[in-house]
Amino acid sequence: MMATYPDDLYYSKDHEWIRVDGETGTIGITDHAQEQLGDVVYVELPAVGATFEAGAPFGSVESVKAVSELYLPIAGEIVEVNAALADTPETVNSDPHGAGWMVRVSIKDAAELSGLMRGAAYTSYVQDEGGE
Amino acid sequence: MLASMGKSDIMELFESIPERLRLSRPLNLPAPKSEFDLAAYFRDLADRNRTSGDVFLGAGVYDHFAPVVIDHMALRSEWYTAYTPYQPELSQGTLQAIFEFQTMVCQLTGLEVANASLYDGSTAVAEAVLMALRVNKGRHRVVMAASVHPHYRAVVNTYLRNSDVEIVEVGFDSTGRIDLEAAALDGNTAAIVVQSPNFFGVIENLDDICAAARDAGALSVVGVAEAMSLGVLKAPGDSGADIVCGEAQSFGVPMSFGGPFVGFFATREKFVRQLPGRLVGRALDSHGQLGFVLTLSTREQHIRREKATSNICTNQGLFMLMATIYLSTMGRKGLREVAEQNIRKAHEAAARIASLPGYTVKFSGPTFNEFVVSTPRPARQLRDELAAGGIVAGVPLDRYYAGMDNDLLIAVTETASIESIDRLVSALAEFGGAN
Amino acid sequence: MGASDVKVPAAAGHIVRNEDLIFERSRAGRQGYHLPDLGIPEKDISSMIPGELLRDDIEGMPEVSEFEVVRHFTRLSTWNYGVDTGLYPLGSCTMKYNPKINESIARFEGFGKAHPLLPEFLSQGSLEILRQLEDALAEITGLPHISLQPAAGAHGELTAMLAIRACHAKRGHVRKTVLIPDSAHGTNPASAIMCGYEVHGVTSTSAGLLDPADVERNMTEDVAALMLTNPNTLGKFEEEIDKVCEIVHAKGGFVYMDGANMNALMGISRPGDMGVDCMHLNLHKTFSTPHGGGGPGAGPIGVVDELEPYLPNPRVARNADGTLQLNFDRPDSIGRVRAFVGNFGVLVRALAYIYTLGADGLREATETAVLNANYIKHRLEDVYALAYEGSVLHEVVFTDRRQQAFGVKNSDIAKRIIDYGFYPPTMSFPLIAPGAIMIEPTETESREELDLFIDSMRAIAEECEQTPDIVRSAPHRTRMGRFDETAAARKPVLRWQPEKGKVAGA
């Protein structure tokens, strides 16, 4: 498991991350989430143009024997989905914070970012959860 | 065993059931029967059913010839005393048989993926409608031909009785085919459901129906209650059908008073994640050998629980196996030969009956092995009178369709002998006059 | 016999050949059937059906001889393990012996060739079977009205929940939610959702039982029903079920009981007497009908008077002259849930089972099932951790807690027991017991077979400590090793297709 999570991302309690680039955010699941899930076999993603509120389910990610809903960390409209995951879902396992990204959204309200965790906070959040 | 656990009375093991909830008397059931008495008792009950003689019933259940090899194989108890193949290392037999069944369903329907079977034809059609509503989320209208089997329509209505979906029934014209104009497919229509051959035995024009569905963005669902027709008719998938599902009882499965049967279900590859029921896929084992496993189970209730594609847990394993053995035995040519015998015999019977005074074949559309005859007297009365004499002439349609009191649905399969057809025709002639 | 005496069977001498797919066996021109002569002149098919509605061929369908069919399916069958092969301790599935006489009876021509739409006066034998089974199941469950229509347990759940919803609707308020304990089968929430209800979870106590106080807290007049399983999926009897039923009834709700575990209650206790309003039975579990490699099942439901009007159509009714008929005149019925009256072939077998055992026999079956489960618990609880302490009825749930210390998981233990010649217990269920190993021996196993299984499980526990690698890499003695299910799910291959450019048999 990743010892510390980088500070250039924001993290949600549902274990999604978001990388902000201007008005666009790139979203995926964290290294912790992919490890809990095991080998990813399928990622279900929304259509481009769909809009979601913060915390709304926008898709799901599946391993052989488990399914997890994906929740959007902040409200926005889907502007791009990672189509490559259809053929290579294993990227979510091998590079969760990079090539394993899932959707890009146009951020509706950047103020919502303040409700998310940064690296250090998420690192200890994961540690606490693991100790349960 | 009790003593080894330090117990003296078996009831000590039931301590968790409070006294107040225990039954204080023996169950009131008949005294136990020996094997000999049991067999005699059930033989007597079986003999009270009429199953031999001249029976021309179809309507979703067909008397086809089933080679004995099917039952001999199905009686190997490694098949029927196993459970769902959860542990692939001990279940390769069942898994490979399911894979073969899935393949055959694809070959017959002209589609790309098929599941391991559902309860029966009616629930398969109901599951198809539910799947179409998942695929076309946001659409709330389902068009269903009135010529779909009335029992199937009833099941669809039961399954959807608590949804906000409007089910619109569309009638038929003088050919017996769906009145496609009246279907008024629109942007709110999730699916159009037809059956072919339909309940009247008439083969629908699937090319047109599927094209209309495609234009409206609706899924075309083709129910097949007489799977034998797939041996000779154009595969519905080749007409553009999105879901082809129905009843495979015709493939070597006994009529058994209505079940257990085998629902089959096939669709396009792009919808595989929306498919209900179990699926078997090819897999490699740790030695690199090809074998089979249950796969894509994340669609199912035991993992996804309330978000599952269906609540279905079992398939119809044993009867799916029988259908697979039937199809293997009859094969590429045999299936077609049987299907053609059905057509020839049914058309011969229809022609002879139509030549009787007072009788006509009701619909002008092309038929497979079943057809509706308009009778000179109420069909139910006629049916009962003939049945008393040992000929079950068909299914009266009065209880299914208003205004069809004088219509009889007659099925003629390859098992009907020419002598038997002769007797039917003579009896219809004899009883056709008013009395 | 001690654990150390139990060994993985020595190398088997039996060779089972690999068996291609039936499609790969196919050779053009072979046939396995022989049809009778048509008896009439062979008219051209296209003169009866327009050519554009016909197909040319069924591409890929096999062409094989009858003997090849026999050899193919016989070989495949030998790769299966059934309860006739050996102990099949699959918890919650009740893999008991399937009496052979029932197979013969279900095949009587009068049953097998009975068309469901025969006029009723020609179907009296079939209708009599339905009626007698309804009567017997009503007596066993204490619920007065039985519908035999549902095709399987999950189908029974759906049917019963539809009836409950229809009843609430008739009363004027359909209600919104259904309460379901966290130990429930996955079919329960899936069925409730199909009826248009939301699902609300109820947490089990540390003893693995329902907490009446928690039910009380959650029970409102918006709750349509509580769906519980009794004995629950941990094999435990819900000791306060009557109180729970009172709580639900006080708010106008119904109590639905998943009857998957009725094998632990026959002749001992009746759900109807506990306050349960409706339930389903799995005839393929409790009443010995074969599981068939995953069906057919049959999932009859029993209900109290108030729910009877909503049961599926048709119902079997007795006429004044003693004959039976099907009654469709029931305006409040939820309608049909399948095309015909039920999985009749399964129903015949179940009735034959009940008539073979009678009242005392059914009770004895229950007692022996509970005895066998407790014997296994007694003899394994020192080496495997129990998921929950306390008494159990017909099944016992252990976990892999102790074995995990050696890096061995329940799924590894499952694969290793295969090497000892047994089918594995149920794993990964119930969800409230992580690492579950759920064992249900049923009443039909002898003490010798139980001992052999127990000694094997003990030997594996020893292996977990001393040679965990052997367990982790099991099975070692099967034709096939462990499968790569991940790769299978990523790139699913769900049917055979002819290789392009390759002619079969070339």
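Going by the order they are written in, the chains are A, B and C; count residues from 1 in each one.
As a convention for this text, contacts are C-beta pairs under 8 Å (C-beta built on N, C-alpha and C of every residue); 3 or more make two chains touch, one makes a residue touch a chain.
Remember, predicted model here, so these are calculated numbers, not experimental data.
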What chain pair has the highest count of contacting C-beta pairs? B-C
Of all chains shown, the one whose Cα mean is least distant from the combined Cα mean is C
Inter-chain centre distance, chain B versus chain C - centres from mean C-alpha coordinates, in Å: 21
How many angstrom lie between the centres of chain A and chain B, each centre taken as the mean Cα position? 44
Taking each chain's centre as the mean position of its Cα atoms, how many Å separate chain A from chain C? 38
Which chain B residues sit where two or more other chains touch them? 298, 303-304, 307
Going through chain C residue by residue, note those that touch at least 2 other chains and give them in order. 485, 489
Multi-chain contact residues (two or more partners), chain A: 41-42, 62-65
Residue numbers of chain C touching chain A in their complex, please. 428, 485-486, 489-490
Which residues of chain A touch chain B once you look at their complex with the stated criterion? 41-42, 44, 62-67
In the complex, chain B touches chain A at residues 273, 297-298, 303-304, 307
